[in-house]
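Shared between the two complexes below is chain A, which pairs with chain B and chain C, respectively.
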Partner chain A sequence: MIAALGHTSILLAFLAALVGIASPLIAARFEPERFRAVARYSIFGQFALVTLAAAALIYGLIATDFSIKYVAFNTTRATPIYYRVTGLWGALEGSLLLWEWILIIFAGIVAWVYRKRHHEMMPWVVMIFSIVSAFFLGVIGFLSNPFETVSPIPLDGRGLNPLLEDANMMTHPPLLYTGFVGLTVPFAFAMAALIVGKVDEAWITTTRRWTIIAWFFLTAGNLVGAWWSYHVLGWGGYWAWDPVENAAFMPWLPATAFLHSVQVQERRRMLKVWNLSLIIVAFSLTIFGTFLTRSGIISSIHAFSSGPVGGFFLGFLAFVLLGSFGLLAYRADMLKEQPELDSMVSRESALLLNNIVLVSALFTIFLGTIFPLLSEAVAGVQVSVGAPYFNSVTVPLFLFLVFLMGVGPIIAWRRASWDNLKRSFLCPAIAALLLGLGLFAWKIRDFLPILGFTLMAFVAFTIIYDTALALRARKRIAGEGIIRGLVTLTRRNQRRYGGFIVHLGVVLIMMGIAGSMSYSLEKEATLALKQNLQIGNYRIQFEGLKGSQQPTHFRVEGAFRVIHNGNDEGIMSPALKFFPIQQSPVGRAVHQSSLGEDIYLILSGFSELDRNQATLKVLVRPLVIWMWIGGFVIAFGTLICILPMKTTQLSDT
Partner chain B sequence: MSKGKRFLIGGVIILGALSYMIYGGMQEALVYFKMPSELRAEEKSLQGKFVRMGGMVVKGSLQKDLQNLTYRFQLTDGSTAFPVYFKGVPPDLFVEGKGAVVEGRVGSDGVFQATMIMAKHAEDYSPHADGNSPNKSFVPAKEAGAK
Partner chain C sequence: MPWRRLAIIAFIIGPILALLAFGFTRDARYITSPLIAKFATPFTITLFDGRKLTLDDLRGKAVFLNFWASWCPPCRAEARDLEAAWQKLKDKNMVFLGIALQDTDQNALEFLKEFNVTYLNGKDEAGKIAVDYGTWGIPESFFIDPQGRITYKHVGAIRAALVMAKLEEAAKGIVSAQEGRGDYQPIR
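On to the complex of A and B.
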């Protein structure tokens, strides 16, 4: 029943999507007015139908309707209700449906918000959305159907992968998908602009907020993924340069580049082709990422079972690339540019360099990710590209990016004079250098970390200094105090100050990465009862093992007393969980965070319960917590950028 | 110098620097995957280089010292059994008679000095035939007390 309802909705939505593709084409030839509305209604129709299908699957999961194969594979009767719902994205079929659902929600909102504006472009925007939607609906409806039924109906389901039973898994995939799908909005407007032949800045200003929102979700999705890896996977790290992590990270790079380079186009009417290319690349990478993770050509925790789906994604990717770059070539004569860079020392050139660095990082990561595939396909040689490759190439790039982050937002447009440079940068640079010297004198003696921390301080100081100068001006002009002045400044230029806050957040994340990459300690040992392990300023004492039967698994927990600098900080209890359906136990690492460092305990093995012996791995990772704090700072900054405020700027709609 | 020329030179410098970094990074981090017999054959040329070797853990070859966390065993591809030394904690799926991949270097004594062991996982999530009943598959690691 539910299955039939769901599947029928998908098939009908597929038809609606085809109407959405056809009607703008017909409208272009015959009757514009009537068909314009048809295109819009096709989106609303898809929205209603896909929502119905998603609701059907969610209902099936909650009601544990095991006649649906997908439900039987991803829930059990014992699964708590919230993990039944997250089963929606626990496997391939459901996650495709979630993707499509988010896509059509975005499309619906766009079609509604701009129902009375952009008369010329909107039918084409709707068509682009419908093409993407039709592709996903086709895959869901005909290839990878989440509503497939199973007979005889099993008594109980199989359940989610235990690693996915975690609160972060409730947020990580939807956040990431929202980020991916959000990039469809600027992409659709860009394509529509090319089709219509209006290649000015209109599509950029219209989609600016959408792009910032998509970028934020991409950032948050990646960060929550890193947090999940750190928190749940139990290896003490947050990023392994796994192909799937790279697949999620890669679209972030051109999206970030795009957010910066559009400012050059808005201000100076330059980089039109470049911006269009960036958004095409960013959108294509979201499809490529899905291909990489869903085709089974690489193995990873994220890679669901293989099937024909991968080939279709590759085909669609080729179609997207050919279609969009084809359009770009077709409109090439409209995209000729007049203005040129006036000086290498200017805002434009800083933003340009930012783009070069981000695209270089993208190329590096892309190459490292697909190299094993290429090598095996072309030369038949099995290789893997280790994390050192990614680190050794991207660390210098990102350090340079930090430097640009300090310079870019402050330096003058067109041509920065010597006076301008001296006024904006002399004090922050001296302060940062002093701080660097201080760190050196304290105990940080390695080149890269000290360079990194100095540059990060430079960014923070330029932002603080610039804001302080602006506040002083407010005081002089209007007699405003600090708080009042900050409010006025932010209201007058929310993108600038929101951007500052986002940059500070990025600096905090970089700080966390630099600290934990450079100064982590790691030790493992087998401990008998009351035995100690010494690591850094910590002494870890083994206090015993405890076993307990949990609803879904059997849990063995080790108790370890943590003594930091002689202070007893209490017991930490890493555990191993034994799930009936899994061959091997799942580790449950624990960690305690402080602003300075994290202590991270992993139980890697134990004797039989009465023997009281445990093998423990301990990590001390400095500054990790700043990555998560940085994430919240970025969220706040993004909010400042997109909140509708009374401003003197032109509204962007 | 004209503007176009300057941009060209800048571009070439940037591309060159990036290629150099990528090439250097690859040299450092490219890890070849070898079977035990291949590795034995190319031992001389690969000595000191980071490689991965995959094979089956020879039954009866595993010697563990749990106090010092050292493991000695052999990996085989059917024709060659390659001795491996490892210090650390192997993954849970690492057992005799099952597949494993080790990463590390071949020492001058012909023993593979592994820095990491990866047990071969089943790549999908489906339960294994012997894993269906809750009690059978609950097998706490007995190793710590066994020897």
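On to the complex of A and C.
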């Protein structure tokens, strides 16, 4: 019954989406106001129906209704309730439903919030949303149906993939999907602006908050993914340049560029074509990402099972790309007029360079991701492209980006005079250089890390210096102390100070990446009972193995005493989990974090014959915790950017 | 209508889409083996009857080496074919050796009993033999000539006729140009 309810809701929602697509075309010919309402109601209708379908599937999962094939394949009776809920996005069909649900929630909110504004654009915004929604509903309804029934009803289900039985399963996919889907909002407005011919700043001002929110979720989703990889997967790394990881990261690059580049259009009416292209590319990459994961054309540990779905996604991607860029070409004459760049040393050129660097990074990562396909198509040679390529091309680009992060927010608009530059940058630059020399004197001798840390310090110092100057001015003018002054400054210029905090967060993340990439230590050994392993300032002693039966698996834990600089830090117990349906065990590494470094223990193996022996791999990774701290700082900064702070709130038009 | 711009757009987007579409025509997981025409890596294996066997012991005979597991459906599908091929070839100067991967002794022995397998079989204890031969999907079959060189590799279930044909070639030292493919199960 649930299956029928869910499937019917999806089909009805599909019909509602078709109405949504047709509505502006009808509105253009007949009485606009009534058909604008029809457009809105089609979105609300889709929202209600999709929510009903999602609720039905969640109910089926929680109640372990094994008549539904999806439930039978993704849960067992023994699966805890919270993992049954995450089963909603654990496999292909359910994940598409999640995507559609989040999409229609965004569409619903947009349709409601702007119901009395943007009269000319809104029907087209609704149409774009409905096109995307219709596509996903079509795939869910006709090709990849989560409500497919199975007969005879099995007694027990197959269960969630053991690797997915982790707390991060509750946060990583929803966060990432919200980020992807969130980019549909600025995209829809951009397309509506092109269709209607209103390509000035209105659509950008309206969608600013939406873009920041989508960007934030995309950042958070990627970071939680990195955390999951580090914390759970047990190889001591947080990013493998796996094709699907790249697919999640690639939309982030043009989204970040877009976020910054729109400022130039808002202030100077420049870079219009850049901005439209960036949001088209960002949205297309979200479709590309979901295509890559579901088509089977590139092998990846993240890939869902492939099916006929892949071909349809490719078709939709083609439609989106050709349609959007076609529209852009059609309106190109309207976009041509713009002021000239006054000077190469200005905020505009810094932001333009920002665009170029981020797009270059995108290009190199995209090339690396599809290169196996390219090489086989052109030369018949099978290659795989891994970390060495990606690291070598992205590191220089990102280092330059750090430099831009320091210069961009502070440098003057139009033309920065030599005086400007000296006043804003001389002190921070000197301070950063001194820090760099200090690091060199201490023990960091390699070029790239020193350059990286110096640039990061430069960013931090420019922010601190500029804020300090502003606080000094507040003190002089209004007698405000530091806290009061910061509050006033932030209230008066949310975007600037929120942006500063986000940049500081990014610097912390890059600090963590630089430290762990350049100075990690690694060692592996087979230890007998009470035997020691020495690595860096740590001495690890093997204390014994312990086996225990858990609800879903059998667990073998190794107890290792960690002694750091002579201090006994206690016992750490990495484990191997043996699941009945898996042939090889799933590792569960453990780590202890401190501000300076992480000590990371992996139980590689043990002998079934000799209980007093274990193979241990130890990693010492400096500064990793700053990546997660940086994530929280970014979250805080984003909140500052978007929370309404003024007492008299102006609306967003 | 700005045709030139549209044409430029189509020229950039078109090839990318075509490349992605090309991806559908191939199997992303397939890895071509670099071992063909190279000497087979020596190994020692403990057979299920307790004896120890090394690859060198089989020098001078054509060898059919088959990696399998009891939990793999394509292995079950080919098992009778392999035994039938062995029955036809056992009086010639050829050897069939099966190696069980990621399996328990009990399940493996039950598998052998179910399909009445009479040729030599052992278990890859540490998984080292599978790694040395680059197995990534089972069943995988290697054909080794009397001098110890790999002449042919087949990933996936193989039919009796092909086994016999390729073993004849191996006995003569003929190296195959291409690998063979059948139904396979990826191993973790």
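Just so we're on the same page, the second predicted complex is superposed on the first by the 645 of 653 C-alpha atoms of A that agree within 3 Å, B and C clash if a C-alpha of one lies under 4 Å from a C-alpha of the other, contacts with A are read in each partner's own complex, and residues count from 1 in each chain.
Methods note: a residue touches a chain if its C-beta (ideal position, glycine included) is under 8 Å from a C-beta of that chain, and two chains touch if they have at least 3 such contacts.
As the structure is a computational prediction, the values presented were derived from the model and not from experiment.
Trainee: Report clash or fit for the pair chain B and chain C bound to chain A in the combined superposed model.
Mentor: Here chain B and chain C cannot both sit on chain A without a clash.
Trainee: With the two structures laid over each other on chain A, which partner does A:Ala525 touch: chain B (first), chain C (second), both, or neither?
Mentor: The first partner, chain B, only.
Trainee: Tell me the contact category for A:Val385 with respect to chain B and chain C: first, second, both or neither.
Mentor: A:Val385 contacts chain B only, not chain C.
Trainee: Which partner chains sit in contact with A:Asp419 here, chain B, chain C, both or neither? Use first/second/both/neither.
Mentor: Neither: A:Asp419 stays clear of chain B and chain C.
Trainee: Compare chain B and chain C by how many residues of chain A each one touches, and report the one with more.
Mentor: Looking at chain A, the partner in contact with more of its residues is B.
Trainee: If the shared chain A is used to align the two complexes, which stretch of chain C, 114-122, 132-140 or 168-176, clashes with chain B?
Mentor: 132-140
Trainee: Considering only the contact definition stated at the top, list the common interface residues of chain A for chain B and chain C.
Mentor: 296, 299, 382, 582-584
Trainee: Which chain B residues qualify as touching chain A in the complex?
Mentor: Residue positions touching the partner: 3, 14, 18, 21-22, 24-26, 28-33, 50, 52, 66-67, 69, 88-89, 91-93, 121-128, 131-135, 137-145.
Trainee: State the interface residues of chain C toward chain A in the complex, per the touch definition above.
Mentor: 1-2, 5-6, 9-10, 13, 16-17, 19-24, 26, 28-32, 69, 71, 102, 187-188
Trainee: Tell me, which parts of chain A touch chain C in their complex?
Mentor: Residues 291, 295-299, 310-311, 314, 317-318, 321-322, 325-326, 329-330, 332-333, 370, 372-374, 376-377, 382, 582-584 of chain A touch chain C in their complex.
Trainee: Which stretch or stretches of chain A touch chain B in the complex?
Mentor: Those residues of chain A that touch chain B are 91, 158, 161, 296, 299, 303-305, 340-341, 356, 360, 363-364, 367-368, 371, 381-390, 392-393, 396, 524-526, 554, 556, 578-585, 604-609, 611, 613-615, 617.
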